[in-house]
Amino acid sequence: MNQLTHLNARGEARMVDVSEKQVTTRTAQACASVRMHATTLQMIVDGDHPKGDVLATARIAGIMAAKKTPELIPLCHPLLLSKVEVTLSPDTNLPGIRILATCKLAGQTGVEMEALTAASVAALTVYDMCKAVDKRMEIEGIRVLEKTGGKSGDWTFET
Amino acid sequence: MNQLTHLNARGEARMVDVSEKQVTTRTAQACASVRMHATTLQMIVDGDHPKGDVLATARIAGIMAAKKTPELIPLCHPLLLSKVEVTLSPDTNLPGIRILATCKLAGQTGVEMEALTAASVAALTVYDMCKAVDKRMEIEGIRVLEKTGGKSGDWTFET
Amino acid sequence: MNQLTHLNARGEARMVDVSEKQVTTRTAQACASVRMHATTLQMIVDGDHPKGDVLATARIAGIMAAKKTPELIPLCHPLLLSKVEVTLSPDTNLPGIRILATCKLAGQTGVEMEALTAASVAALTVYDMCKAVDKRMEIEGIRVLEKTGGKSGDWTFET
Amino acid sequence: MNQLTHLNARGEARMVDVSEKQVTTRTAQACASVRMHATTLQMIVDGDHPKGDVLATARIAGIMAAKKTPELIPLCHPLLLSKVEVTLSPDTNLPGIRILATCKLAGQTGVEMEALTAASVAALTVYDMCKAVDKRMEIEGIRVLEKTGGKSGDWTFET
Amino acid sequence: MNQLTHLNARGEARMVDVSEKQVTTRTAQACASVRMHATTLQMIVDGDHPKGDVLATARIAGIMAAKKTPELIPLCHPLLLSKVEVTLSPDTNLPGIRILATCKLAGQTGVEMEALTAASVAALTVYDMCKAVDKRMEIEGIRVLEKTGGKSGDWTFET
Amino acid sequence: MNQLTHLNARGEARMVDVSEKQVTTRTAQACASVRMHATTLQMIVDGDHPKGDVLATARIAGIMAAKKTPELIPLCHPLLLSKVEVTLSPDTNLPGIRILATCKLAGQTGVEMEALTAASVAALTVYDMCKAVDKRMEIEGIRVLEKTGGKSGDWTFET
């Protein structure tokens, strides 16, 4: 039967014991989007505008945030990420920026939270750098796209 | 004319100079939602289930994250938050949890990023505590609802 | 012969080399108490008072502090805690709150400092939340109750 | 009437609004003790033993921990400490080490928690450096000795 | 008479009391260099190589490090930086990268350590990103170039 | 062919995948120097001056900084240091302080950045504690002296 495993029998939060779980290679991929005004996106994308540094700054912020996950999410285990990659792509249909974060490790717990945190903080950083020109941006669609490894096996979000 | 003020003339990221801005009382309110399966929400809400600690844990995580904003968002200024409040409400129509974060300070920069970060990390914490029972949750609707103070004055998100 | 192993031959602090120590499952349990006025305890415990969040907040603070131990204690090794549990129990005889922290990992060093840090920070958090109503609280009895694993084997504090 | 001000009307934790409180110079002094076996103390104190670095390490750890207080204690406000001093004195009557921490700032909230955190972490650091030779140490007597400034005025712990 | 003010009369480290110092606008500029093989520099600078992200990553790392100064340097006061700017320039004569960091705040202490820390961490980040192709790089010339504000007034490093 | 491995095919920063690399014992030794006025050095070294705490404080700062490396250097992997040692030696010929930092772990990545960060932050701490008496200090000669372990094998900096 399913349970909220982060709570003990008295309903109190705890960091669950993973010491008996197997060490396997685990990956997770998560996404997020920042929806903005078309002219804001244009300002980021434009050839004669500083496209590079908005996306580069958000990419670095996302990577560093993945490493901070156990400091931010109270019941996450500390773990040794072996890979983090964050990509940001302008999408004129949104319009806005689409973010994809991939994390990997050989360990006893999954890395969904690390991928979700990386995507979220990259999105917040885009927001921060554009908020002076666009007050109505919105961050949306933060979810896990797929994960591999671990007892529950591979899984893909199907729409 | 509007500009991406976090970039200098060469398009390089910088933390902008706010030393000439006025110290005023500033507030910001941001929201986020975690959409989940109705039975997951029921599990959090149910009288004989540990409702308290899921929401209490996310609330604390959100408050602590607000204080970490300048560590997470590269170009945010360090600042002295004078108030942080995070509320989480179950919504059976969503179905899921609605989050509201309010920040306040007397200072030279706004606190939108702090409110957005608090709401985002509270949402990620709810996600973390429920992900063993629901792999298809989604975090959405992260945006600023209103802000007061500062040169640009009061502002409310109008839909 | 016993030595203060955290100091080298010149008496200078160092983080000792544990790379030759065996990886074994290690646990440690530590305790702490917050002694307070009986009416302060009553305020925490009372049915119509917010008992939940004082103890829930301290519980989360203790768990998060366990993960911060190598940041706080200069010569502690970074390690991968596989479990942290913190329980807080009102004790009308004290009167006050009794705290118990349990940590576990498979690694090369013991986790006493992590359990002690979790108990201490949980105690400080109780103090913080009650100090407006009781200036004369005192934190006491911070010690290791038992540890298992490692070269020195299992050990229990006997009074 | 007194209240647990860190909780709102629904009993939920929050960081209280201090923006209307006056900026005054505030100080707090807190103490802690590490009780140990007399031979452990002798090892720290002995002329031909590395006395300096045990106490120097704990002193630095205490000072750095004072600055980390708002990261550790969930509802503490970030603040700009203008002074931190930690002293550690061997006491052969205890036997053990007595710790005194003093914090000061001009701000809107008191600095008791900073002084208590500095004293606690200095004590934990002494414990860490001596635990290989003494498993039965105990940290005790963590309390505020006196505070000055703020609305509630000066106050001294009277025994 | 000059003194090492970070030590008290007993020669023990402390965070000195700055509460009586005046709040003035203070700036500091510091520099650092990473000397490398000419072909390594060429690889960073080359049109068809990823110049942008090496320098962009180091720039962000330097800015974020400035904010971490009081966490890294034990006796530095926490402070509210109002501006941080880090520039990195390829110099084929060195050959290598020259780094300039500028910090500013209105406060009671100078910001030399923040500028020096920003320059140092930017240099370490360049080193990290190039070390796979060049093991013999060297970081040198970390010093304060000029400072303004504060009791001691304006000052420029004269060679 | 050599590449800047921290960048992907599009030239974007990433934390490279080390999950296929072998776990071996790895060490690295790095150095740094703080050049200062001879009278400043004399003040640190003098028998009746507080030599101990300047060097002890810098030593602790260096050890703690080694543990913070993945927080500071964006693309460094989190890792479990099994040993950190930092030594500081007065050198009247420089004149100044010479710093040597040694790090060790059993893991999948080298520890050069950890040793370099420890040496750099120890140097910055010496600078901080002496800057009130000597504005013209300079930090120089930060480089890796030798490393062992890993695929590329043992290596020594030869002048």
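Assorted remarks:
The letters A, B, C, D, E and F name the chains in turn, as written, and every chain counts its residues from 1.
In the analysis below, a residue touches a chain if its C-beta (ideal position, glycine included) is under 8 Å from a C-beta of that chain, and two chains touch if they have at least 3 such contacts.
This structure is a prediction, so every number in the text was calculated from the model and none was measured.
Chains that count as touching both chain C and chain E, per the definition above, are A, B, D, F.
With every chain reduced to the mean of its CA atoms, the largest distance from chain B is reached by F.
Under half of the residue numbers at the interface between copies chain A and chain C are found on both sides, making the touching surfaces mostly different.
A count of C-beta contacts for the chain pairs E-F and A-E puts E-F on top. Centroid to centroid, with C-alpha atoms defining each point, chain D and chain F lie 30 Å apart.
If you average the CA atoms of chain B and of chain F, the two centres end up 37 Å from each other. Looking at chain A, one finds that residues 12-13, 52-53, 56-57, 60-61, 64, 68, 71, 74-75, 78-80 touch two or more other chains. Chains touching one another, given as pairs, are A-B, A-C, A-E, A-F, B-C, B-D, B-E, C-D, C-F, D-E, D-F, E-F. Interface of chain D with chain F (complex): residues 52-53, 56-57, 60-61, 64. On chain D, the positions that touch chain C within their shared complex are 2-7, 10-13, 43-44, 49-54, 56-57, 60-61, 64-65, 68, 71-76, 112-113, 116-117, 120-121, 123-125, 127-133, 135-144, 155, 157.
Within the complex, the chain B residues that touch chain E are 8, 12-19, 70-71, 74-75, 77-80, 107-108. Of all residues in chain A, only 25, 56, 59-60, 63-64, 66-68, 78-87, 104-106 touch chain F in the complex they form.
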